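Just below sit the structures, each encoded as C-alpha cells.
Consider the two complexes below, in which subunit A is the common component and subunit B and subunit C are the respective partners.
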Partner chain A sequence: MESRRNPRAVVDPKVRQVGFFTSSQPDSSSTQQQPDPIAAASASSSSTISPSGNSLSPVMIPPPLHNSSDTFPLRAAAAGAAASAVSPSSFSYSSRRDFPDGSTTASPGRHSRGSFVKSSVPVASSLPGIGMGSMAAAKSSSVPASGLTTVSVVTMPPGLSEKASGMEVQSDQKKPLKEKTTKAERRAIQEAQRAAKAAAKADGGKVPPVTSASVASTSVKAAKPAKATSQKNDVTVAAGAAEKKGGPSEKDRKKDAPHPRMQYDDESRVVKAKRRAVVKQTEAKNRVELFRHLPQYEHGTQLPDLETKFFQLDPMHPAVYKVGLQYLSGDISGGNARCIAMLQAFQEVVKDYSTPPEKSLNRDMTAKISSYVSFLIECRPLSISMGNAIRFVKNRIAKLPITLSESEAKAALQSDIERFINDKIIGADTVIVKHAVTKIRDGDVLLTYGSPTAVEMVLLHAHELRKKFRVLVVDSRPKLEGQLLLRRLIKRGINCTYTHINAISYIMHEVTKVFLGASSVLSNGTVYSRVGTACVAMVANAFRVPVLVCCEAYKFHERVQLDSICSNELGDPNAISKVHGREDINYLDGLTNNANLQFLNLMYDATPSDYISMIITDYGMVPPTSVPVIVREYQKEHLLV
Partner chain B sequence: MPDVQSTVVEFVNKLRKRKIEGSQATAKCTVELLRSVISHQRVPHANQAAALIDAVKAVGEQLVAANPVELAVGNVVRRVLHIIREEDLSLTTAAMGGLDLLDASDDDDVDNCKGIGYPAMSAAVVAAAARSTLRPPSLQTLLEGTPESATVPYTSSSGADSESKSKSADKSSLTRKLKHDVIEGVNQLIHEIAGCHEQIAEQAIEHIHQNEVILTLGSSRTVLEFMCAAKEKKRSFRVFVAEGAPRYQGHLLAKELVARGLQTTVITDSAVFAMISRVNMVIIGAHAVMANGGVIGPVGVNMAALAAQKHAVPFVVLAGSHKLCPLYPHNPEVLLNELRSPSELLDFGEFSDCLDFGAGSGSIQVVNPTFDYVPPNLVSLFITDTGGHNPSYMYRLIADYYSADDLVM
Partner chain C sequence: MWRRSPSFILDERRSSNSPPMADTTRGPFQNSDSISAYYQTRAAHHGVITSDWLAQAQAAVGGVSGEEQSLSSDNQLGTEKSFNVIEEFNNWRKQPDLAEAVAAIRALAAVIRASEASTMMELEIELKKASDTLKSWDKTSISLTAGCDLFIRYVTRTSALEYEDFNSAKSRLLERAEKFGEISCKARRIIAMLSQDFIFDGCTILVHGLSRVVLEILKTAAQNNKLFRVLCTEGRPDGTGVLLSSELSKLDIPVKLLLDSAVAYSMDEVDMVFFGADGVVESGGIINMMGTYQIALVAHSMNKPVYVAAESYKFARLYPLDQKDMAPALRPIEFGVKIPTKVEVERSARDYTPPQYLTLLFTDLGVLSPSVVSDELIQLYL
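Up next, the complex of A and B:
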C-alpha cells in the first residue's frame, strides 16, 4: 500500500526533478540482485517477462507473482538463457518507462518482479542524497525515461545484428551515467554490466545443446539477433506509449485492428474463395437463415475428396496435410491441441523449406504459410488461438533479419515456434494450474463443463495435493466431451457426478465453484467458449456461485463480440438429428431433407463478462474487465515473444 | 364396488410405474376413475355429501401417494371434492330458497361448475354463506358485509345444514339429485380437461405475430396446438426447438411441427443461451403451476427462463386449468422432482473398466432429473383456458377451483 501511495507524488513536477537524478536506480536494483547466483537466474528470467509486467500501468493487474520461477523450469533452457543475455537492459527500460505513467505502476511493477520486491526498496532507501528512498525509486522517472526511449529508438533501427544489440545495452546504460550518478549507483551499474556479461557467457554455454538438435552453434547467433529485435520492438513500443500521441503507434494500432472476417453470405467473395480452394466442398442446402454468413458444408464430402487429391496437391506439405485431415475428421480438437498440432506442422514445414531461386525467404515463406493456413481453414475454421499463433509465426518470419543465412533463419524460426509452444501454451498451463489450485479448498464441489484441458490439469493437480473435493461434470450433446473428462478423472480417483446441461439448475445448489475453459477471451471480457458455457455461467451467476475461467493469455484477442451469432462455427447438423447410442430416439429419421426443418449445431457461444468472476491466466488472476489491458499490453509481446 | 376397487388398484400401479405420461392424460384418467367411484358409491340418506367426499378422498390419497410428483392427480381429486361441496351447497341453498327447488338448482349447478358464482335468486345472505364456506373471504364480502349479515350467514348456513339433513331424510329424490349433479359436474370437468388445448389455442392469435421467432422446450401438446392454431390463421413464424436431452422430447415436437408445416429449427440444449437473443418469445408447456406462480416444467426450463430474463424475452407458460396446483412449493427442485435412470446418460457398464471399487478410483454419480422449477419472477405470462394471467394472480385463480378444506389431503 505504501508503495502505492508514494508514487502519487510523482505528479508534482518538482518531485519529478528529483527523480531525474536517480534515474539509474532501477538498474541498480536489478543489478543488486545479479551477483547472487540463484537470484541471477530468476532475475534475468523475470526480466523477460517484466517489460510487459511493468507496463501494465493503467490498471493494477494482479502481478504474475510466481511467473518467472514457475514457467522457467518448464521451458527449454535455451529460451530463457538466450533471453537473459539482453535482459538487464530491457528490464531497465521497462521499469523506467512505466513510472511516468503514474501512480499505481510502481507497485505492480515491483511486485511482478517477484524476487525483487524485498531488495529493491532497501536499495532505494540506501541511496545517498535522496531523502525518501522509495519515493525516489518511484520517481526515477519521466525525464530520463523519455530521453532514454528516444535514444533507443534512434539507435535501434539499424541494429539488427548481435553487435548492435550489445551496443544498445551499453549505450543505454551509459546514458543514465551521464546524468548525475552517485558512487553507489555507478558501482551498481558496473555490476550490472558484469552480470550481463556473465549471463551472456552462460548462454553461450547453455544454448547450443538445445538448439543444436537441428543446427550447430550458429543458432546462438541466430537466436540472439532475434532477441535483439524483440527487445528493440519492446522499446519502440515503449516509446510510443511514452509519447502517447506518437505517429507510428497510431498507425500500428490501425494495422493491428483485426481484419473483418470472411462473410459467407457475400456471394462474390465466396465465389472467389471457392476458386482458390483446395478442397471441393458442397455447401449444405438446408441452412438456418440466421447463420448464412458462416460456412456450412455437407459433412463427409470433404474427406474422400481430399484423400483422392493427396498426390495432386504438391504444394501442400505432408505435415500440414495430415493436420488438416485430423481437423477435418475431428481427431484433434480443443484449442490447445489444435494450435500445437498446427505449430508443429509449421515446424516441419520450416525444416523442409528451401528458398526458391530469386525469391526472398521472408516473403516466400509467408506466402507458403498463408496458403497452408487457408487450407487449414477449409478443413475447419480457425480458432482464435490458432489465429494468434499464426500471427506470431508470420511476424517472426517477417522480422527475420535479411543478413541471416537460410539455415540460420530456419533454425531461428524453429526455435521460436518451439518456444511459443513451450512458453505460451504448455508453460502457461502450468502457471494457470498453480494459480487455480489455490482456489480449491477441502470440501469444495467444483463444477466443470465439457472437457477443458486447463481445468482438467487444475483438478488433477489439486487431487495430487490431496485436496478433498468433488467434481460435477456437466456434459452436453452432441459431442459429449464430458464423458472423456469423466473417464480420466475417475481413473485418477476423483469422485465425480455426471449430468447433462439441462439439469444444471438442479445441481447448482451444491456447487461451490465453477471452473470453465475458454476457446478465447475477447477484449470486452466476453468469453468465447464451447457452446453451453454461457448457460452454465448464467445459472451459476443466478445461484451466486463464483465462475472461474481458465484461459491461457495467448488466446486473448482484441476482437469484441456481443452475441454468439455474428461469428461462430457450425458443426455437422446430422449430429443433432441422430442420437448416438439411443436407437429408440428416431423421431427425426427421414426428415433431414425437409425444407421446413433445420438443425443447428453451434460450436461456440459468447459468455457475457458479467457472469464471470475471474479469469485465471498465465499473468495471474484478473477480472474480465482487465482483459483489454492484457490484450493491449501483452499483444506485442505475444507476437515477438 | 369390487370392480371399482380393482380399477383403482390398476391405476395406482400404472402411476407407480410411471406408465402414464403427461399431466393431461393423467388428469383425464383420474377424473374418469373418480367418476366411477362416485357413481358406485352408495350414498346414505343422511349426510351424503360427506360420504362422497370421504370416498373420493380415500381413493385420492392412494392416487397421490402412488405418484406424488404428478400434481395433476391431486389437483383433479381436489377439483372433484370441490364439485361435491359446491353441489351440496347449492342443493342446500335451493332447499332453503323455496319450493321450486328443482328448476332453480338445475340452473344452479350449471353455473356452479363454471365457477362463476351464484345467481342472486335467493337472499344475499345465501350468497354470503356460500362464499364464507367455500372461499376465502373476498374484499367484496369484507366491505359489504355488515356485522349482522356477516353473522347471520354462519348461523343460517349451519342451520341450513341441519335443515337439509332433516329435509333430505324426508326426500329420497334429493339424494339421487346430489349424486346426479356431482356426476354431471365431473363430466363437465372431463370435458374441460379434454378441451383445454382448444381453449388455450384460441388465444394463440393474440400472442403470436407475423415473423415471430419462438423458442420452445420439451414436448407439450398444448404448445403444439397453440402454435398450430396461429399457423392456421396464416401467421408465419419460425420455431426453435431445444431438443431436451436426454429424453429428446424436442425431437418429437419438431417432428409434429414439421408435419404441420411450421418452420422449425432444432438446436441443442446448450445453444439456448446463444440463440435466445434472436428469439421474440419463449413458450413452454408446464407440468404444473404452483400457487405462487412458480412453474414446474421439463428439465432445462429454468435455464431457458434465466436466459430469457437476461435478454428481456417474454417467457410464456401454457397451462390447462388441471395443472394449477393449490400448493405452495417448498424446495421444489428437489421435492417435486424425480430422478430418472442414469442409463439415459451413460450406458450401463460403460465405465466399469475404470471403476474398481478397491483402491484409488473415484466414484460416479449420475444425476438425471425430470423436472425443473421456474420461480414466478421469471415468468412473464400464464395462458390458461380462462385467459392470460400474471404469475402473481395465480393464487387467486386457483382459489376459484379449489375449496380451502381440501388443500391438505
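Up next, the complex of A and C:
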C-alpha cells in the first residue's frame, strides 16, 4: 500500500492546494513516514512548506515556527479553554505510546515545522484509528495511549468524555506518525469516532470545539479517496468561517453553527448538521444536479411539528423561535424585514439574558447568539445582510468592556442594536430616498421589479413631492411579490401599469428609468437580488435605459460572485408546479416525484456590474465600481465605533 | 423614448389647453432666458463678444446688484458679506488665467479676512452662507460649486481638529486659501508633466475646446522638443478653435483647424484626443463644452484613446444619468442671420460624456482611470 501511496506524495493539483491544503498535506507528508522516518520527515517537511507559504490557508493564522513545547499552548489556545488544561498531561500519554515505527524521535523534529502543526490534527485523527487497528485487542485496556483515548470516549463515564476527547485531540497532535492502515480500517475508525461523538454529545451536549474540527477533518479524510474538493472547502471554509466569526476566544459555539454557506453535497456533513438540527427537515427527493450543493427540503413538513414544540424547546428563546417560524412559513420576506425581525428578536434575547455562573458574558452570549443563528439558518438560509448584522452584533458583544456590570452591558447591547436598526436600515432608507428622488423628473416612466422596500419608499416620496411620473410594476411567478407593491402604490394614487416579466422586452421602449432593489451588492459590483432582476437589468441595458439600484450600505459584502449558481437559495419546488386559482393549467400538479422531472425554484440571481448605471446608498450615489471602497470605509467605521 | 409612450401623448393633448406645469426640462416651448454666467465668462475670456451677450451681461450685472441691494435691507453685516463675496468673486474671475474654483476660494478668503467672528463656529457659518450665495448666484458652474464645497470641507476638517486659539486658526485658513491659488497653477504643471509620457514623437492630437490645462500640456510638450501635430475643432459658438490655433502657432506647433462636423472624417489620422473638463462627475464621466460627447463617441468607436486633463478640485458630487440630467446651462448662439422666433434653438452650452468613452484622466493626483474618481470623492467627503 505504501507504493500506491507514494505517488500521491506529490501533492494534488496545486490549484486545489491554494488555501485548502490542510487535508492533503498531512496525507502526503504522513505517507512518507513509512519508508524512512527521518528522511521522510525532511522530505515531507519540504512538501509541506514547498507551496511557498501556500501551505497555510489564507484564512488561517499561521502558527509561529516554534519547537513542540511551544506549539502546544498555541494549539491549545486555538482548541479552546477546555482542551488547554489537558495539554501537559497529553505529553505523558504520547511518550508512553509505542509506535510501530518507533519514530518518536522524529516527532520533535516534526513539530518544529510550524506548518505541520496545523495539519497535525487531520493526520492525527487517522492515527487513533491506526492505534486501534494495531491494538484492537487492547481496547479494554486502560493504556493511556492517545489512540485509545478515542475508544475511551465511549467507555468512560460521560463526565470524563469531554476531557477525554479533549485529550484525544491534544495527544493526537503529539503523534507525528501515521501507521500502516487500510482505508477500510480508517473508515471503521471514523465511524466509531462519530458514534462516540454522538454518544458524548447525547450525554453532555458539550463537545469541545476542536473535536468537531477533527471530525470534520476525518470526514475530509474519508472523502479523500473520493476526491471531492468540496469537502476540503468545507473544512477550511468551516474553519475559516469559524475563525472569522469572532476570534479565537469564541470557539465554544463553533460546534453549533453550520457554516452559512455549507456545501450540501457532502453526505457526512449533511448528516452531522442534521443531527444537530432543531428543525427536522426532510430533504427533497428530486434534486437538480447542478444545485446539489444547496440545501433543498420538502416544504411545509416541519411547520406543524415546530409549532407544537413551541413551549418545549428549552434552549431556544421564544422570540427567536417565533422569528424562525415566520421565516419558515414565508410570513416575513425581504432583506430588510428579515434583518429587522432578527435583530429585534436578539434584543429580546439580550433583555432576558442572565449570565450563568462561572461564565463570561461575552463568550456565553456569543455562543447563545450562534446557536440561535444556526436555528434560523435551518429555518431559512441567511441573507447576506443578515450575515452582516450578525457580525455586527457579535462584534459589539466582543467589544464590551469587562468592567461593565451585567445590566449595563445588556443595556449597552440593546442600544447598540437599536442604533444599528435606526441608523443603518431605517436612516439609510431615508437618505436613499432623498438622493433617489432627485433622479425622478416629470414625465418619467419608472420600471420596478418585485417589491423592493427602498424603491417603494422612493416612489411614494416622489409622489408626495408632486412629481409627475408613472410606474411600471413587473412581476413574476411564483412569488408574485409585485402585486403587493402594486396595491400599495395604487392606494396612494400613483399611476401604475402591471405586467409579467415575459413582457419586459415589449414594454421596455417606453421606460425612462429602472429602479431595482438588492439583497446585497458584492465587491465586484455584482448585484445579488431576487431572481429575475438580472433579466430586467439586461433588457434595460439593451434599450439604453439607466438602471438604478437602491441598496443600503449595510448590505454590501466583500465577497465576489461571478454567477448565480455557486451560492443561491432554493425554494419550494411545489410552488412552481402548482398554479393557484387556475386549475385548468395545473398540468404539473402531482409530478413532483417523477424521476424525469426536476423543479428548480431559485430565489436569487447575480446581475453583473456592467448592467448597473448607479447604486444609490446612504453614502450617496456611487458607480458599481466603488463598492469595495465603501466596504473598506464601512469596516473602518466599525472599528472606530 | 418616453415620447412614444401613449399615456403621455394623451396627457399632453389633454393639458395643452391648460398652462403646462413643469416647463423646465421638456416641452415644445421656449425655455426661460437663464443664461449661464459661467459660460458668459468663458466667452469673455475667449474674446468673442456678441451684441446679444453684452446686452444680457448688462442685464445680469444689473440683476445681481439689484439682488444685493435687496439684501441690504437686512442685517448690514450680512449684506456687506454678500456684497463682498460676489464682487470679490467677479473681480477675481475676470482674470483669464485664473480657474473658477480658485476665484471662488479667493473670494471666500476675502470673507475670512473681513470677518469679525470670534469663534471657529461663527466663521464656519459665515463661510457657509457666503459659499451658498456664490453657488446660488451661478448654479451652472460645476467647478465653482466643487471649489466652494472643497474649501468648506477643508475648513470643517481643520476646525474639528483645532485646539489652538482662534486667530492662528484663522490665519492658517487664510494661508491655505492663498495657497490654493498656487496649487491650482501647480496642478496644471503637474498634469502637464504627467501627460508628457503619452505624447510621442510624430503623433497627431485632436483637441476640442479651449482648456487652459490642455494648453499647458501642449506648451510643455513643445518645450520638451516633441514633434507633434494638433488638430483643433472650430468650437462653435465660442470660437475656441480659432483662439487655440493662434496660441499654438505662436509656439510653432503645426496646427490644423477642423469644422466640428469634420471630426469623424479626420479621426483616422488622429492618435489621441485631449479634452479639458468643466467638471468631473462621480461616475467618472466629464461635463465639458458641447461637442465633447460627440467626439468621444467617434474616438471610442475608432479605438482612439481619449484623455481628459482636469485638476482634482473639479471633482463634483454629481451623477448625471443622461444628457438632460444636469442643471441646464444655456448660452446665446449667434447664427449670423436672423432666426424666426418659432424655430427652437438648442442652446445648451455643455454635454456629459459617460466614463466608458474615456480612457484616462490626468489629474494632479496622478493618472487615474475613471472609476477612481468616485473613490477619491468618497474619501474626501465621507
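Here is the rule we use: the second predicted complex is superposed on the first by the 376 of 641 C-alpha atoms of A that agree within 3 Å, B and C clash if a C-alpha of one lies under 4 Å from a C-alpha of the other, contacts with A are read in each partner's own complex, and residues count from 1 in each chain.
In the analysis below, a residue touches a chain if its C-beta (ideal position, glycine included) is under 8 Å from a C-beta of that chain, and two chains touch if they have at least 3 such contacts.
In this text the structure is predicted, and so the values were computed from the model without any measurement.
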TODO: Consider subunit A as the common anchor and indicate whether subunit B and subunit C clash or fit when overlaid.
DONE: fit
- [ ] Kindly classify A:Ser354 by the partners it touches after superposition: subunit B alone (first), subunit C alone (second), both, or neither?
- [x] neither
Open item on the list: On the A-aligned overlay, A:His509 touches which partner chain: subunit B = first, subunit C = second, or both, or neither?
Closed with: both
Open item on the list: Looking at A:Thr403, would you say it contacts subunit B, subunit C, both, or neither? Reply first, second, both or neither.
Closed with: neither
Task: First, second, both or neither for A:Gln190, with subunit B first and subunit C second - done: neither
- [ ] Answer with first, second, both or neither: which of subunit B and subunit C does A:Thr625 touch in the superposed model?
- [x] second
- [ ] Based on the superposed arrangement, let me know which partner A:Ser370 touches: subunit B (first), subunit C (second), both, or neither?
- [x] neither
TODO: Determine, under the contact definition given at the top, whether A:Arg582 touches first (subunit B), second (subunit C), both, or neither.
DONE: first
- [ ] Report the partner of subunit A that touches more of its residues: subunit B or subunit C.
- [x] B
Task: Shortest CA-CA distance in Å separating subunit B from subunit C in the superposed model - done: 10
Open item on the list: After overlaying the two complexes on chain A, where does the subunit B footprint on subunit A coincide with the subunit C footprint?
Closed with: 495, 509
Task: Residues of subunit B defined as touching subunit A within the complex - done: 238, 240, 243-246, 248, 251-252, 254-255, 257-258, 261-275, 277-278, 299-300, 302-303, 306-307, 310, 333-334, 337, 344-347, 350-351, 354-355, 360-369, 372-373
Task: Interface residues, subunit A side, partner subunit C - complex - done: 439, 441-445, 468, 470, 495, 509-513, 543, 545-546, 548, 613-614, 619-623, 625-626, 629-630, 633
Open item on the list: Help me check something: in the complex, which residues belonging to subunit C touch subunit A?
Closed with: 1-2, 4-5, 7-8, 21-22, 25-26, 282-284, 317, 319, 321-322, 324-325, 355, 371, 374-375, 378-379, 381-382
Task: For the subunit A and subunit B complex, residues of the former touching the latter - done: 288-290, 475-478, 483, 486-487, 489-507, 509, 530-532, 534-535, 538-539, 542, 563-565, 568, 576-577, 579, 581-582, 585, 587-588, 591, 594, 596-602, 605-606, 608
